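The structure appears below as structure tokens.
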């Protein structure tokens, strides 16, 4: 089966990460994953949410938004509608959980790293692109902290990346673009660490129920795709291996 | 291993559903699942969201909220904080997707069924309780429509119920209460239909990564638990089987 | 004259109060007053509003809301409309004033008791039901404070309950249900203490002006009704008299 | 007993109404009642709220707000606080009900008269000042409608005015200023029509319970005060009697 | 060319300033400039915005709003629309900048003077009226501070006033009323100090582009008009000269 | 005098415009002006604001926002603060007015062109960068309309661009970067059309008053700078002259 854009079922779209694209942020990465473009920054703030004050523990908090014309039809800004977008809220909670899993929050110390993910152009897979690029930005923010001796040890303990998979016309496809996503019976998003363990799995079948073996096949496809993204992240970060990255 | 409340690993807490608890709603169900109490109503409105006008297709929309003192510590109302609660938004989107999967939206016709889930008391598993009870309320609202010949055929096509499972101290447990949930390394929520196919799977390991086989064991536990909930739903609805429910 | 539901003019609908219905709240009461059902909780918070800080004086603050399907037609949630409901604001101010009158705020000490009144089902008289049941919840919260020696003396100094009366077709009726309320030319709400003195009187005649003697007759009816509610409250609280309640 | 400002117990503060103070509004009145100054406008809009569309019936809707420095201490604007002021909401509902009682809404026809009451300076009694002046503005807006033959008959059917009374140091006082109001054990607001019948009665005793005879004395004082305000309104409106005002 | 109201091109409308119109504010002024009426108060608050805490420096902050019926057609309140009015925000920023330029913020000390400008009736030129009258209110608030020895020296260092000019039918006109403003091809607002230097210049030509010489002519007209306003301000403030005002 | 970045007083920073950077928008341009980066899109919507319905006339509406980490310190999103940013509102009104001046709104027909300006990185001059790049995006959106024969004639009638100038240490500088802007005694923003006429002039001297001749010198500097920007716009748009652009 040939896909809309000529890819094979297990091909990722071309992915490029422009690291350090923002001159003010402690870490930043602009990811261009096919026609999906997301700008991610990591900002250090010397404060933690109320529930962590005095615990010595840090936090990673994510925000996600789409520019009005990142989509086929212009969408209204959240501030114009007067309320946060529910889908965006759900996505930013996922990004936050995923990146917190990559960091030792005690080693980070009582400070917050804010992850801002702004979608400049959307063509499916914005949440997985955001997670994958934000990890790069987060690493650079942690390096910035280490270089200035703000933290004693490097707080990053896992490498996380994410990809989607879906079932389209009975076929399991890796990395859906928008048009495929719209036609999918089932789709899933997988966040996985460097050791093959998972941070988060989500599968949803609004238009069709799915049996367990379909999910198993989507999951295997995603595992395979994330391994490739892990390699790309290391390359962009200028290291040969996860061990080199975390300095073991 | 004995659990906090003396249950075995694969035991559900006691579940009771008080069907028809609200005298105005077209369908309603108050679920008492251990110490988690959720009041669910299904309300018919002869209108659909903008994007469906003129399509002949209906919609199911869910809203979820917690009463201020449904929790150990009182929480502020959303209207007092001035913004919707992000966790609640995420949950109501899940409830909406799950229940839409149980209905033939064309058979429903151009109208909306509003599902309101209000948590009176929370002790873990509020979202799975909400889905399980809302299905009962939704069936009664659809019967109400059929009895009045507003719809020609019965719009319910699948039976959905949900349960959580988690990994606590290395042990897979079914149906976590709040205290177990707080201690869990991983937890997952599963929504499943009467034929064993899934509507939605979510697993999250904020405090610990989890290997694929752990997820597989949690999923098997959830499957087993949901089958029991399916039987309870049929009993509460006064039918002997799914086939009798949908009139096949 | 026989009323819609067969009652006599001076009859109350059947009232039941399920005390302690919430396992987390310091005090709680679910009142079922005819078809009006209101869940009231009293929550202790060790903080006071800004204007009382450092004064040694406490506060009682009430919030009132209706579940979306507590009414004949589903109503939108306040957070969905984006603004607080003005009628609800007016009612919660009344509940707050009424319950503050029952407490010695200095004996309460610098803390707040939050009264949350959530209407599960509405059939007229929700504000008077909320006041009557909240008093029970408030007493239990004060007992909780006394049992833990957080306060030195029992802070409750008055017993308050409330009822409505109205003029329907020229007849004074006690305790209007929704249908009667809609047909009333005048209606009034009365909050009265155990010694027959008033906390609050409100009478409104939007559809008809009313002479002073009509008001006098409604007031007498309400006095009579509240005395019965005072007896019910004592019974539910397990005491024989107001003096026993406050420990004199 | 001499009062703070030298008045006797049954004296009103000096009241002046500057009718027609706004050049755009269909009716307007600036009331200076002691140091309480309220600007009231009546604006005709050829639209009614949703629930009245197609009924041929009109509506009167009131809004009430205080300028930031109308009070001793500057108060924040509602838009800066991000939410409507609850006390203001309660007051504007009272003003709306009071003025609707003075109009035959069918004779008004399917249009709304908006009553805007903005407090320029507050020294107690702003709600009663607002009602008393808004009646003057409303009459002029109705005359404007009649002069242009928009309505066939004059829609005003009752004359309404309002005053406060209270119990201060055991003494019943008419028309409390801010300082007296702060010291009052009980206070009440009374809205009365030209024929001595009531539109609305409210009495509240947050700091002290009050027996029925206290209320009766406050009510008698208010009746006496409102009769004087009725005469002032007629004078300002340039008519000798209520009958002349409504053209009977 | 004769103008709508019979004025010559370089005539101001009649301007009156009622100083001290509010009994609570530290400074206040009601300006009646033709049919434009703006009530300005200056309120001292012993607090500064976050960014100035601990700097010893004070602040002047302005808020601007229009009463609903200050305009030909009633406009909705900001709180009813749920969001601040953008034009109002722009104007209050201009007023704030203009008045800060008149004060030595260090001499003011770590406190804020709030300037509230509420438009009672609008007929063009509300922002220039607000600036001109607010200066008077601000001076009185500073005198209040000096009289109580809260500040050591008089913090006012410049006298500011403002006027509009515009191009209507090819003619430069000073001080546009609403009708002229609506017909203007270009209009500008000028804020100028006592020494002829400018605080702010704004010219806008939405309906027509304008050459530099047009702007020069409008600016000259405005300079001339502001000089007259400076004289009026001094007169209202009871001093013969700027030097006397600032005590040099 | 040498400037921070080595420029001469009358030098612009390097400016690049990446036209067509967004694949969905009818027109788009990413401007990189020194370290200020703004992404501008022009989106056609077949609707106009209420006040234009039925007039046959179109509208151009602008929105401006900064990404949270476009600035040295991360700033909170507007939706997180719960209210629109006042400075942003002022800027988007300026952008809207400026671009409307470049279009014949009747030739545009009853539709809206939405201009979205999102600042990716800010180093001074974001509003002038936004205007200059939005003009390019707007032209492409108008060409898109013409190519599809949605409009009969090309609606663009003027070419607009903008630049800032300021007074720093007594020297007039063209095109201030952030550091210069912070140090400026006066700064001005100028929007000018291809024929040398102005659309908008703004000069503000919060930290220092400025005499007329200073303004004149800033204005001359800005005129000179804008002429260079006009040439750059034409080049980016692939035409040799303004006449060729508008097809005369």
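Chains here go by letter, A, B, C, D, E and F, matching the order in which they are written, and residues are numbered from 1 within each.
As a convention for this text, a contact is a pair of C-beta atoms (placed from the backbone, for glycine too) under 8 Å apart; a residue touches a chain by one contact, two chains touch by 3 or more.
Values in this document were obtained by computation on a predicted structure and should not be read as measured data.
Q: Mind listing the chains that sit against subunit B and also against subunit D?
A: Common contact partners of subunit B and subunit D, which must touch each of the two, are C.
Q: Hop distance check: subunit A to subunit E, minimum number of steps through touching chains?
A: Each step joins two touching chains, and the minimum needed here is 2.
Q: Since subunit A and subunit B are copies of the same chain sequence, what is the angle of the rotation superposing the Cα atoms of one on the other, rounded to the nearest 5°?
A: Superposing subunit A on subunit B takes a rotation of 180 degrees, nearest 5.
Q: Could you grab the centroid distance between subunit D and subunit F? Build each centroid from C-alpha atoms only and quote it in angstrom.
A: 51
Q: How far is the middle of subunit B from the middle of subunit C, if each middle is the mean of its Cα atoms, in Å?
A: Taking the mean C-alpha position of each chain, the two centres sit 33 Å apart.
Q: Rounded to the nearest whole Å, what is the centre-to-centre distance of subunit B and subunit E, using the mean of the C-alpha atoms as each centre?
A: Centre-to-centre distance between subunit B and subunit E: 60 Å.
Q: For subunit D, what residues touch not just one other chain but two or more?
A: Residues 82-84 of subunit D each touch two or more of the other chains.
Q: Reading around the ring from subunit A and passing subunit F first, what chain order results?
A: A, F, E, D, C, B
Q: For the complex, which residues does subunit B have touching subunit A?
A: 83-84, 86-87, 89-90, 92-93, 97, 100-101, 158, 188, 193, 195-206, 209-212, 215, 219
Q: Using the touch rule from the top, collect the residues of subunit D that touch subunit E in their complex.
A: Its residues touching subunit E are 22-25, 28, 35, 39, 41, 43, 45, 63, 65, 67-72, 74, 77-80, 83-84, 114, 116, 118, 120-121.
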